[in-house]
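Dropping a structure here in structure tokens format, bear with me for questions.
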Amino acid sequence: MSAVRIQVINPNTDPGMTETIGAAARAAAAPGSEILAVCPAEGVPSIEGHFDEAVAAIGVLEQVRAGREQGVDGHVIACFGDPGLLAARELAQAPVIGIAEAAMHMATLVATRFSIVTTLPRTLIIARHLLRQYGFSEHCAALHAIDLPVLALEDGSGRAQQMVRERCIQAMRQDGSGAIVLGCGGMASLARELTQELRIPVIDGVGAAVKMVESLAALGLSTSKHGDLAWPERKALSGKFQSLYPC
Amino acid sequence: MSAVRIQVINPNTDPGMTETIGAAARAAAAPGSEILAVCPAEGVPSIEGHFDEAVAAIGVLEQVRAGREQGVDGHVIACFGDPGLLAARELAQAPVIGIAEAAMHMATLVATRFSIVTTLPRTLIIARHLLRQYGFSEHCAALHAIDLPVLALEDGSGRAQQMVRERCIQAMRQDGSGAIVLGCGGMASLARELTQELRIPVIDGVGAAVKMVESLAALGLSTSKHGDLAWPERKALSGKFQSLYPC
Amino acid sequence: MSAVRIQVINPNTDPGMTETIGAAARAAAAPGSEILAVCPAEGVPSIEGHFDEAVAAIGVLEQVRAGREQGVDGHVIACFGDPGLLAARELAQAPVIGIAEAAMHMATLVATRFSIVTTLPRTLIIARHLLRQYGFSEHCAALHAIDLPVLALEDGSGRAQQMVRERCIQAMRQDGSGAIVLGCGGMASLARELTQELRIPVIDGVGAAVKMVESLAALGLSTSKHGDLAWPERKALSGKFQSLYPC
Amino acid sequence: MSAVRIQVINPNTDPGMTETIGAAARAAAAPGSEILAVCPAEGVPSIEGHFDEAVAAIGVLEQVRAGREQGVDGHVIACFGDPGLLAARELAQAPVIGIAEAAMHMATLVATRFSIVTTLPRTLIIARHLLRQYGFSEHCAALHAIDLPVLALEDGSGRAQQMVRERCIQAMRQDGSGAIVLGCGGMASLARELTQELRIPVIDGVGAAVKMVESLAALGLSTSKHGDLAWPERKALSGKFQSLYPC
Amino acid sequence: MSAVRIQVINPNTDPGMTETIGAAARAAAAPGSEILAVCPAEGVPSIEGHFDEAVAAIGVLEQVRAGREQGVDGHVIACFGDPGLLAARELAQAPVIGIAEAAMHMATLVATRFSIVTTLPRTLIIARHLLRQYGFSEHCAALHAIDLPVLALEDGSGRAQQMVRERCIQAMRQDGSGAIVLGCGGMASLARELTQELRIPVIDGVGAAVKMVESLAALGLSTSKHGDLAWPERKALSGKFQSLYPC
Amino acid sequence: MSAVRIQVINPNTDPGMTETIGAAARAAAAPGSEILAVCPAEGVPSIEGHFDEAVAAIGVLEQVRAGREQGVDGHVIACFGDPGLLAARELAQAPVIGIAEAAMHMATLVATRFSIVTTLPRTLIIARHLLRQYGFSEHCAALHAIDLPVLALEDGSGRAQQMVRERCIQAMRQDGSGAIVLGCGGMASLARELTQELRIPVIDGVGAAVKMVESLAALGLSTSKHGDLAWPERKALSGKFQSLYPC
């Protein structure tokens, strides 16, 4: 198996978080894998709702298209709402994996039920919708929000990280869950440490998604272009969306 | 009750379809209601997949923001995939209604089960996801696609319209459904005629959504800004998305 | 569009509640609509369980049949359990809307999740069954009962109304819901005031159902007589049910 | 265990079907059990839709109340739609079992999936709703209707019986089911014979319900009066419903 | 109806619990029924997890095979996880009933919702999976564990029994359930007493399963050998499993 | 990351199939991974039903225990019914992955819906139950059986392989699926070839499970011993099960 090049897309425009995510991806990647950590040139500095996601999805698609031209072997969408996932799968033939998706899948492999710990309460509705879409509503015992914005994870104080840790402990004690899913790309660096401290699987989606891309590549599996995820219909995109053409 | 101004957004950039949709909206509107039929300046000429929807969602949000500034009393998203619906609800306080949503709701009020007739088979997955999201998976007996692109409805030949009609008849005979939902904004003008010919409710979402906006307005109900659909978090949008700021 | 005549049926025999309901219906009705508020001549004075509902359903059917003879354009069943709804749809060609149904539908249009506030705890099982039947189980965050009988809303003391208000506030704070559905026709007059005070949508089904009937009428849609909701089979009804013949 | 008296209520007013049902009940009853086969004095001669069910529910309640006064040990509602089931459970302390419920439960004990064979297609929607209410939607592989009215089973020609038999054979071959549920009280006499001929369980709900009543009685279990199924609230019933008072 | 011989299999190897279960079965059995209470010669002394269940399933199958040779009329698997149920149904033509299954079915006949009270918290996941498999997830209001091992029920101190009683009372007050299901074969002797003290149905699966076997036998129904539960494919079993051959 | 040792357990006793599975595992494994392909010494030669699965589960547990003593980094259960999966997870701390589980998860990452192609029709019920347990019932468009026994894949004639291929083509054309899951460990060698010929992802669970074990190992994640999957309770296993002690 030759080297695998994986594009890890931070859907927001924050460079610090792009670095955090890139580092987590590299820590998880196999020796032969190359990680290309990118973020959109234009968009939202953090993603905390449906509006932010809709904007971020365009940046994700631009990056997927660029990655496709660079011939990457897979794409990771590194925001816990998996913004633009199905659209990106239409635009790519290489595998596209969202980090919420990856973390939730992995959690069901090591525990019968898991809890989610995320940032703002308003993002929980997005996680709930993803659970339903992926089939895991009954595998999730509880969802928790620390009630701090995403970028608090990047303020250097460690306060948000401490709150994540405390909420993980609380979840472990109260929810009857066997594993915890971290609900934000910006929490990626906490997973290994918390897994060791709490002695239960604490799962970061960035690393999980990297492994899933590597796995699919090794198995010779790529996004199905038969049916629901076929290439976008050929049509002229106007104005600021021309950069996405030809799709 | 004073006059109600309703912005009807065709999420694609096709002027002909915007007219078709606007006419259907006006035909359904109450005497006092004013219909503002608009479409994005930039985007995709038709919407036939997840990629198209992601692009169209930005145009929808731009229009919602513009409509908000004009003080409209409600917004209709007139594409059967309801692109950008929850994002638009964050951005608006006035009601925002998708035409798939509206048609599906109405169908459950006049029949125990309904069928959907739409354009390309690849769009059926979007309808399926909406059925699940809205709670109507068990109310939908079957989904049908005529296998023609959306813009075939605008080619003036009447061929697509004839195929819609035939598929509706087939659905009525085979599915055990009591009503049919037309799965494209471009089919809006067919509903009344088919309802009369087939003698079962054939439902167009454009008209249905207009009535729902009028209804909510009359009841003094608007999009909840408490919790999941609160205003977007304040943050700087960069580049081509600046037109959406302040959100 | 010509004037719309809507029969609003209070399924219990309490004249005071019929008035409350009628007033709420008129407050919601469009200028051209006429409201005929009626209640059965015989039946139960309030509806607080399955037994009461079974009795009330006969009164509903008698009224629907009478309304049909008067050529009304639609029927509203103004009890939160929607007693006799599908039977009434068999008996009518004009639309028939239940107030639980109407309120729940409306709630999903303005919020991702809603709470219900009703009277006696024993009626919650009926609401739960309706949520499942209509497809909204996952859209309802919580159900609350003030533990007072229905007619406490008519005792003039305002105590029940105060308890409804307090429970709405509690629900808004605890449930993570964006909207509240009032679970009794007798609460209809509280919706607008609570919507303004709490600044979230507080939804009364009576008004909601009136708007849905008006909407369906305007769209030319009536109850499907094809299949599941076809006219009742012709057969002789005996004894006290003869008044329902010919159905 | 002393003798058990079981009231078997045919919810329609047809004496022939009451006899058929009574005979099936007696054939299934334990040596010590006594079967009281009754039908309402007033109502519908056959039950083939929601309207018929609503009317029949009153007759069921009248009979349950009468049976209660006679001190019976349990009640069977012998129509496949289980009309008035939860209302009857409020009105009774002795167990109340519907024949659709009983047959469906039994079917899941001897096969992973079952098929239903019933009379008119319009009654299938009622069976579907019951499957969902009882939790068996995923246990039912298919529903079939012979498209003859209920009373065709009583016309003495044997034609309906022959069509039931043919449809059972077809279901066994095509559906992948291990058992068949007969969807009408009037088919009760066919079950044993078809079970032997087809060599798969063909289940009649009348016999099944009788056994369930006997079972609950032997276990000392009766309808819970705690909570959802508590006695009806005390209130004056007016007019033709006075016969149900005191409930 | 001739005498019915029912094999009641305690899947663990504890003789005391086999006696408890046998006594409960005899107390529930009809006058003509004979109870053969057995347990495997080899296996686990108590069953408190998936591993224990996998081991116990072999003992269950050995007993079913032995019972089949003795010509019993039905088999009961008397452990609340129903270990080996579908495998046993393949191996038997007589009915096979699990006690969790039996108790859950019975509970839905006398209440709209039930609670479960069991032993160790780790067994709750098994009960949850069974609820889903049998279709009763929405009928179960809550699950409770007293956090004592199964064999504490056999230590003669009565402490576990007292904790079961307290938890039943708590469940009745808090869960909104109308009935309680006892979640362990070792609790079988408590059901009648608690039913009388608490005045709600408290259901033991051993008695319930015995009645279901008797019912199926009386109705002439046995496990379907058509399709999913057909006899095991003929094949050589090696080593310690030879005792199961011919299957 | 050091070398990963993965125990791949063929739950049946067929040496040829153990080889086929071992080869597929090695073809998928990363350069540094070592595959230990094993099968039970005693059990069933092929697995085609619930009975076979119950027997095979013991062999799986014996192998897991042996693998644990050898310090393997993960275990694969290479039969499409995933026999003994949760029991094995109790017995292991290293990850345990079933091949049905692995293939289904992978399929949802590259397509919105998948089809399953397996051997005997009677095994479909097992696949259906797994789909529900894993959350993928709505992601599976259709299930197909070629109606040949498992060992026909090992008879050297290629006939079974040809039938698998034909059924895959049929599924691709009719089901609207984007991917196909091969429903038997014995089909493992067909996946790559069919993926290339059909140009849609055709997924073998053996390779997929190997990648998942490697992924979890790389992420430092192992089976949660907190809660539902904790080590089996310490207790004496008797007779032929002593080999499993201490568990």
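Per-chain residue numbering starts at 1, and chain names A, B, C, D, E and F are given in the order in which the chains are listed.
Quick note on the criterion: contacts are C-beta pairs under 8 Å (C-beta built on N, C-alpha and C of every residue); 3 or more make two chains touch, one makes a residue touch a chain.
Listed by chain with UniProt protein names: A, B, C, D, E, F = Hydantoin racemase.
In this text, all values refer to a predicted model and were calculated from it rather than measured experimentally.
Colleague: Just how many steps, at minimum, does a route from subunit A to subunit E need if it may pass only between touching chains?
Modeller: 1
Colleague: What chains do subunit E and subunit F have as common neighbours?
Modeller: Per touch definition, common to subunit E and subunit F: A, D.
Colleague: Per the definition at the top, count C-beta pairs in contact and tell me whether A-C or A-F has more.
Modeller: Of the two interfaces, A-C and A-F, more C-beta pairs touch across A-F.
Colleague: Of all the other chains, whose mean CA position lies farthest from subunit E?
Modeller: B
Colleague: At the place where copies subunit D and subunit E touch, is the share of residue numbers found on both sides over half (same) or under half (different)?
Modeller: Over half shared, hence same.
Colleague: Quick one: report the Å distance separating subunit B from subunit E, using the average Cα coordinate of each chain.
Modeller: 53
Colleague: Roughly how far is subunit D from subunit F, going centre to centre by Cα mean, in whole Å?
Modeller: From the centre of subunit D to the centre of subunit F is 44 Å.
Colleague: Per the centroid of Cα atoms for each chain, what is the distance between subunit C and subunit D, given in Å?
Modeller: Taking the mean C-alpha position of each chain, the two centres sit 30 Å apart.
Colleague: Provide the list of subunit D residues touching at least two other chains, using ranges where the numbers run on.
Modeller: In subunit D, the residues touching two or more other chains are 86, 112-113, 121, 124-125, 132, 138, 176, 227-229.
Colleague: Among line, ring, star, complete and other, which one matches the pattern of chain touches?
Modeller: other
Colleague: Dump the list of chain pairs that touch, please.
Modeller: Listed in label order, the chain pairs in contact are A-B, A-C, A-E, A-F, B-C, B-D, B-F, C-D, C-E, D-E, D-F, E-F.
Colleague: In the complex formed with subunit C, which residues of subunit D make contact?
Modeller: 13, 41-46, 48-55, 57-58, 61, 84, 86-87, 89-91, 120-122, 124-125, 129, 132-133, 149, 227-230, 232-233, 235-241, 244, 247
Colleague: Using the touch definition up top, name the residues of subunit A that touch subunit F in the complex.
Modeller: Spelled out, the residues of subunit A in touch with subunit F are 1, 28, 30-31, 86, 95, 97, 101, 105-106, 108-113, 134-139, 172, 176-179, 191-192, 195-196, 199-201, 203-204, 207-208, 211-212, 214-216, 218-229.
Colleague: Using the touch definition from the top, list the residues of subunit B that touch subunit F in their complex.
Modeller: 121, 124-125, 132
Colleague: Enumerate the contact residues on subunit C facing subunit A in the complex.
Modeller: On the subunit C side, the touching residues are 112-113, 138, 176.
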